[in-house]
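Both complexes below contain chain A, partnered by chain B and then by chain C.
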Partner chain A sequence: MPSLPDMTTPDVVALAESAAAAQSHDPHVQDVDLKPAFFDWLCRMGDNTLILGHRISEWCGHGPALEEDIALANTALDLIGHTQMWLGLAAEVQSEGRTADDLAFLRDAMKFRNLQLAELPNGDMAVTLMREFLFDAWHFHMLTALTRSASPRVAEIAAKALKEVSYHLERSSDLVVRLGDGTQESHARMQEALDRLWPYSGEMFVADAVDDAVANAGIAPVLADLQPAWQQTVEEVLAEATLTRPEGRADVHRGGKQGRHTEHLGYILAQMQFLQRAYPGASW
Partner chain B sequence: MSKKEWPLWEIFIRGQHGLNHRHVGSLHAPDAEMAINNARDVYTRRKEGVSIWVVRSAEITASAPSDKGPLFDPAESKVYRHPTFFDIPDEVGHM
Partner chain C sequence: MSTPSDAQIWDWLAEVPDPEIPVVSVTDLGIVRDIRWDGDTLVVAVTPTYSGCPATAVIDLAIESHLRDRGIGDLRLERRLSPPWTTDWVTQEGRDKLRAYGIAPPVDGTASDGGTAARAARLAGRSNLVIACPRCGSGNTERVSQFGSTPCKASYRCKDCLEPFDYFKCH
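Take a look at the complex of A and B:
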């Protein structure tokens, strides 16, 4: 059967071209010396939102209540939307003719740059919400700082994402407080989730040469500078939620940003990438 | 684990400034604040609104369907109650 002419693709291409033409000129995108670090850093931003977005999307159809199911799916879609922007810019910086989709679907686990926190399994709602809250608090302060980036392209993406992430943080904080300060069972589960996730939360603030390079270029903030604001947000919410901040170190589990992942990432990628690996270029 | 249902809320959304809030549906939520958050997620994904009202369904008093006759029938065959029998001067334009 002859297939119908594709009516949508030319429009999308035209739209992308006009959007590209309207984009601010950004010398950082063509900066050869900066390229390896800038590319890596953009992958970190995009991989965090991709992997956490995928994790949260696993709840779709399984949420504890219809309303919560939809809210989680919305959050997942927001995050995957951010991925498209971050990895799109990453592909542009890399300038090897790849696209955001190529980066998302054709990279292996060792090339992924997300925080280990993002890839941890959903567990119950307590783990899912606590993981999201710890990430949202960082994401919010990070994007706020990035709206003042020396790179206009980065600042534009941050401004767009920040509107959605402000709501994510509001929602996850609210639920952490409700469940932490809820019934005996919900309190116990939230505390358990916090104790389990806490040792993964410190990776957000452990800077390496990539973070230093983008910070020196004025593209991103110095990670350590974000920590006090994150700490304050987290402590305020935990106090209201009657939860106890764990005593132990927060940076026990790290390495995701350098491509050292937990055993969970491989399973996520197997599910996420299967179609493109089995049927390269398949589209609908 | 006890399974307690959240109460039902009726959701009203104002589509644009200047328009009335319109009933769009209902949802479950433990309190008003969460009802607004849920309404945002369930009913305004496509930029439908500029304002949300939520009302506990239990707070709405509805007319009984069995009262339909006494309530609405007297208005039947009283077409003169529609203001369509006036000649509108041309200068008024479209009304």
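Take a look at the complex of A and C:
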């Protein structure tokens, strides 16, 4: 995690250590057996918010209305803030002297653990909003469950992030309803966006050995247990939006959590990581 | 110099303005959670308002340089996440200053819970959240956007005096 600025102590490693020492005590952070799964899972959390945050930030200066532009930029900022917390903890768990910034800027695409949904191109506002809504609904229920995590460090990040994500979900559901139940054009575009994104939404609930390990340790919920709450939120909003839930399977496209990505992630990283790749260690 | 009292340090902290809303101080906002001495080092615990708030680093720097100017050479800032910051911690004085500055202060207990019940009520026009216009005091106002010029604000409009204004949203 980026350390607090200190005008007299240039030693950032010592600063990070003293900052870490000031955090709540959490035995999970030093648990050697748990480390590989815990690290991977923290990367999943942080990569979701990093990649989606980056995607949403691409709208900055291009929003269809000033208020929307500002709302999208604010949402992106929240997500990047969450990234600092998740990847900061991931770096601490990994304990190889890396920082959140190192993880964000110096990993290759195969090492990224975000859902494929998060990396899909923005498309039009309908795709952007529908993607955000499907993600926000998951994010909201996931963070709610994580506030009861056996890991106090995870629980405190979740409690902080949940306050912001509640506003994200409120906004994206509002807009899905307004545009879904809007004009013929907006309705058609929202339905099209839903049909396109739906096959990516199931990845959120497909658990693997990493998910099982953190669930067994009481750090994270069993993913299948989150699904009914997500489904209820999604169905309520879609019904109000007069949109039809697609019939097909929701888990067609998956693999992001294991590092198998669409062709789009490489382009995001090329832009996001350029500076650190071209000028290693550059800072300001 | 002799070690300043805690009350003295809190007084100094109350002089540090928020970089984005300079009429309120960091103590008005309730983001300084704690001060303590670790040997000869003064430790100031600060909590971020929003996770991604770009002002966080500037606030830390402002606190640090202000205390150094007052003679505290050995100083460390600590970031505290838990319990998470809430607008309930904005002091009464802070709320009065916000209103005088043209920003409607937070209405406690109205933070978003992400719930669909609240959304349904709002869409049906049944929201009972009234944000008074900081300029004319009218309750006849409407929300333009849930997000405003900084992460902590929403955009509103007064339907009586017709002025747009910021609302420091409940968090």
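Some points to look at:
By our rule, the second predicted complex is superposed on the first by the 262 of 284 C-alpha atoms of A that agree within 3 Å, B and C clash if a C-alpha of one lies under 4 Å from a C-alpha of the other, contacts with A are read in each partner's own complex, and residues count from 1 in each chain.
We take it that contacts are C-beta pairs under 8 Å (C-beta built on N, C-alpha and C of every residue); 3 or more make two chains touch, one makes a residue touch a chain.
In this text the structure is predicted, and so the values were computed from the model without any measurement.
After superposition onto chain A, the modelled positions of chain B and chain C overlap sterically. Set against each other, chain B and chain C differ in how many residues of chain A they touch, and the higher count belongs to C. Once chain A of one complex is fitted onto chain A of the other, the partner contacts of A:Glu67 extend to both chain B and chain C. When the two complexes are overlaid on their common chain A, residue A:Asp78 makes contact with chain C while staying clear of chain B. In the superposed model, A:Thr233 lies in contact with chain C only, and not with chain B. Looking at the shared chain after the overlay, A:Glu185 reaches chain B, while chain C stays out of its contact range. In the superposition on chain A, contact is made by A:Lys163 with chain C only, not with chain B.
In the superposed pair of complexes, A:Arg171 makes contact with chain B and with chain C alike. Among the options 5-13, 23-31, 95-103 or 113-121, the segment of chain C that ends up inside chain B in the superposed model is 95-103.
The intersection of chain A residues touching chain B with those touching chain C, taken from the two complexes, comprises 67-68, 70-71, 74, 167, 170-171, 174.
Across the interface of their complex, chain A is touched by residues 1, 6, 27-30, 33-34, 37-38, 40-42, 45 of chain B. Chain contact summary for the complex, chain A toward chain B: residues 65-68, 70-71, 74, 167, 170-171, 174, 178, 185.
By the touch criterion stated above, chain A contacts chain C in their complex at residues 4-7, 18-19, 22-24, 67-68, 70-71, 74-82, 84-85, 140, 152, 155-157, 159-161, 163-167, 169-171, 173-174, 177, 233, 236-237, 240. Chain contact summary for the complex, chain C toward chain A: residues 45, 48, 50-54, 57, 60-61, 64-65, 68, 76-84, 86, 111-114, 116, 118-120, 122-123, 144-149, 151, 155, 169, 171.
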